[in-house]
């Protein structure tokens, strides 16, 4: 499954390295550092992080609160410029946001002033043109038929999250960057969304980087679970999830799952303790 | 463990019925119904619910989103007047909020305009007077020493939730009503808070009604797990948690735990499906 | 107030067996009480109320004014004076909107333009629009455009400041989301910045319209000519207090109608927001 | 902010007098007093008792009317915001009066109130009153019900809830109203002084026009602007001091 | 100074200290300036009475209305606000004297830009004239237009706006009252007089008003004030230099050159060189034209023509007893003839 057993791949392999299989959506993070400096108060969020994500791989990113997960994602999305190091996508350095790299946030960022349909058609309209009927079919798939003309404020939280996913899919990105997309949902809605996401991913072949605090969610969804250290963030451990696909929520009861979960949890606990000490100190 | 195997205890036993053991904090919910009627749009949130919570018992309340859990809790807290039926605490009908029944919400409701210490001392100051040094010792216990003079906005989410718990404890309520208190926390902070809560509960003997969406959390913490039906809410099933105390997060790996979890999950799934159908319909 | 506490209140009052009148009745009561107090104050001569008119005479004068009786010696009717004031407000606010919104968007989105323009504008902002009346009369070729200039100043700053504030508080995440969906900066301006700023602009316009009315009345009183402000003051000079009261009602009515129109238009333009 | 930006911003402010100077030098805007004339007049005014009396009078009028407006509008707004019945009985009448620009009341106040000073103060008061009232009502209504519930569950009586929850929670909105109110207090004060005469910077400015002392008009405008800015700063300071809890950022 | 900042503000409540409403930008009430700066009130008022404050107004109507609401006790107002005030039936107000009188050389002035091609009233046909409507000047202008049989476009503007627009050439002509036109004509050479009230036999005058309660309850104070008025008139009539010295102390007039102030009171207008600029009368019952104007012409105009007063002012609102008492008393005290001052 994976060439990436170690998070410390040689960082000198920068430059165009098209995936040998011709797939797109590979992410190379080389020696990435990000320092925030609001009014002289230096916060070293990420320091010397290395991580390679293969094209069409599903990677989950876990780590204590404040360890820099979102920072890493924003560097990949092109919102932030790294203080040091670089992020390559399919061998090219990232300079700005790009429709190839779709992003979903924890709180939905549907445009409140556009209807659900206008939201879903926003991406295509911006760069290649709207294909008649496509928005409807995606919304249909997400169980949102009948809500095309509603504004986001008229939908429940779960439906909003589904609409956001629909907007992302309509744009057909090679990479999906998801920052705790389901953490605000209740248990059941979350389960449904996880199923939906797996379904879509297994069909469409996209690279997914999925940030979560939920260990079970990470194992259920990902090919690899990357655990970060407390701030400044680096890769602490990578766990290969060798549970076969297609998966469904029932797998959480298997022994292998429990085993992987225990392993992830113990790594996290260790790191979390450190994070807590940091916090208590400040 | 329990005299309350069935949720349909005789509702005619109203009137003062002091607990035989002399403990306080028993809650009797008799045939409770609550109908919301904002501008003529009738929502039957809870209908004919019966539930008895023993004094010093720890009961977790599970149920699909929108099934009326919070509504029930708000009736017990005295915020809402039941449309029908009644809620008795130690045999007396509830008419208004009371410092005996402490409440914790999902989002913290620390008063942003008061310091942590002022927040913690708020309850005592309101009704019986502040005891010198008590706030400090509670904050200490919650790992918040040094933050007495901070405003809530200066604290991280986990610390805020701990401060809220400190505020509740400083008021020494017989009953603690907790509405998804930890659901906004990350996995680790949540675990720490659960431990803290168990510790406090095992020591202080208070009745706890704990609403959550997290099945594992419910089983880990509670003596009994009450599962509600989809709206209009009623008690669907009650699961006795016969895992011995003191418990710690490791119990989740035991077989008995897994068993109870499976049982709870299957009941919830069934009910959740119904709830979902309701939503999609509207 | 929550429906709940209202329920409680009603119940309490019910215990004293005083039936609580319905909301509509209470609101009408409020107005009736006001008119009764006014009338009583005039009759009794509370403070100097005996030197003012009561509601009854005001009502009569109002009717005759609405029937087309000229307001003072000038010969113009209430409709003509209203039209003058309203037109001044309309023209001034329109110009203010056309200038302040683009300017605010520019200043809000570009740090460079902000540095170049905003401090200079801030120099003028603390000066109340009415204070410009003498200078406007001095500089404007005829005093009529002078009044419009002053009203424009009144409407301009609230719109400008709210537009800038609106742009600045556009959540970065929307901009990022749009960029990640392939939007260029022009698209972002058009599809994110402008709609996200609209509610704030609407707030600015309604504040601006309010200030425009205050300014137009003051300017018309000071500078004279025509308009409701002038009528109020002219009637005052001639001690026709009933006409003064009718003028006040007219200006209040116009102010109310224009505020309602802005509110309705604003609601329509920002119809995605949950209506409360 | 880096020094280059600071420079640009300072330049932006300096551009105002420079453009004015250029305009008067080249006769664009004939009739506009030149900066030199105005400076000259300003120095002259500083030696005149009349100018200082006007300045002090206007300041006292604004500050006292504003204080009274706040003292009346805040409790009234909290009551209206929290008690529906009280609101129904009072608010419609207030709403009826609100759209009338304060300055339109001047004939009424001169006739009805027993002293000219009270007339001007009443107009100024009205200017500040409604923004503070409306914001207070909005603030009181916007208090999230969970806060008052939390207080009640901690044993607070309704008075205690009002004092410790409703009031502080509404403070930011009240404060926003006070900022707008201070601005409108000045607007209406100046108008009232121009119309009612007597003393004050509004009158000074208008009588400078009447007497043809045009540079003094601008002296008046500048002084009014300075005092307006200072009083806004004062309100902001008051707010920052009272609402310090809103500023602290997460650790 | 302190009393001007704080004390004067609420002095209206004190019956023995008076608030005086006066108009620096209205020559016919300038006896008030002479009283103020010559400290004549202090000299003549009985000891227990004082002036709480001098309240500047830019319009007579403001003073009249402040008297009606008893905020001002004594007021100097033009003929129209005087009539409006004494005709009101809320607060009794008496006209106790005339403040100034002129055969149309103060209030009834029509002027044109300095370089204007307009040479006589007839040339105004079809032109735009600026005037403040509702003032005595307005009445004069209407009458003049009617007599000339011309048709003009009247533009209602404040006095100073008329002056500004004349200077800028935006108006063909303007009408107004002194001292503003003099400033434009003498000090700035921006305007010229075209015709005056004398051409139409229209006099102009200002009233001295007192609250009836003051006259009734404090006759000594009323008498004292009129003694001061008489002395002021005496100074104005006999000592122009001192008069101008005193008037120049009025801060509001700081931008008026001495020459202008002198001219507006003492130099006859070139279009009517034989008519006195100002006549220093005080007793309107002693001067036919003044009595006619205040008791008949002005009230009739306001009542019948304009309908702004509901009836003619009652006879008892015209009071000259305090003036008579002042004259009687002064006769023993001074070496000039107070009766003459009252008349002329």
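Chains: A, B, C, D and E, in written order; residue numbering restarts at 1 for each.
Just so it is clear, contacts are C-beta pairs under 8 Å (C-beta built on N, C-alpha and C of every residue); 3 or more make two chains touch, one makes a residue touch a chain.
Computed from a predicted structure; not experimentally measured.
Listed by label, the chains touching chain A and chain D alike are B, C. Of all chain pairs, the one linked by the largest number of contacting C-beta pairs is C-D. At the far end from chain B, in terms of centres built from Cα atoms, lies E. With centres taken as mean Cα positions, chain E sits 39 Å from chain C. Note on chain placement: the centre of chain D and the centre of chain E lie 37 Å apart, centres being C-alpha means. For the pair chain A and chain C, the distance between C-alpha centroids works out to 49 Å. Our note on geometry: chain C versus chain D, Cα centroid distance of 16 Å, whole angstroms.
Residues of chain C in contact with two or more other chains: 48, 51, 137-138, 222, 236.
Among all residues of chain B, those that touch two or more other chains are 79, 156. Among the residues of chain E, those touching two or more other chains are numbered 59, 65, 68-70, 158, 160, 164, 168. Within the complex formed with chain E, the residues of chain C that make contact are 48, 50-51, 72-74, 137-138, 141-143, 222-226, 234, 236-240. Against chain D, the residues of chain C that register as touching in their complex are 1-2, 6, 9, 20, 23, 26-31, 33-34, 47-49, 51-52, 111-112, 115-120, 122-124, 126-135, 137-139, 154, 207, 211, 213-215, 217-218, 221-222, 229, 232-233, 235-236, 241, 244-245, 247-249, 251-256, 259.
Chain contact summary for the complex, chain A toward chain C: residues 77-79, 96-99, 101-103, 105, 107, 109, 111-114, 122-123, 126-127, 151-153, 167, 171.
The touching residues of chain E, when paired with chain C in their complex, are 59, 61, 64-65, 68-70, 81, 84, 88, 90-91, 132-134, 156-158, 160-161, 164-165, 168, 170, 306-309.
Of all the residues in chain E, the ones that touch chain D in their complex are 1, 4-5, 9-10, 12-13, 19, 24-25, 55-59, 62, 65-66, 68-72, 158-160, 163-164, 168, 180, 183, 251-256.
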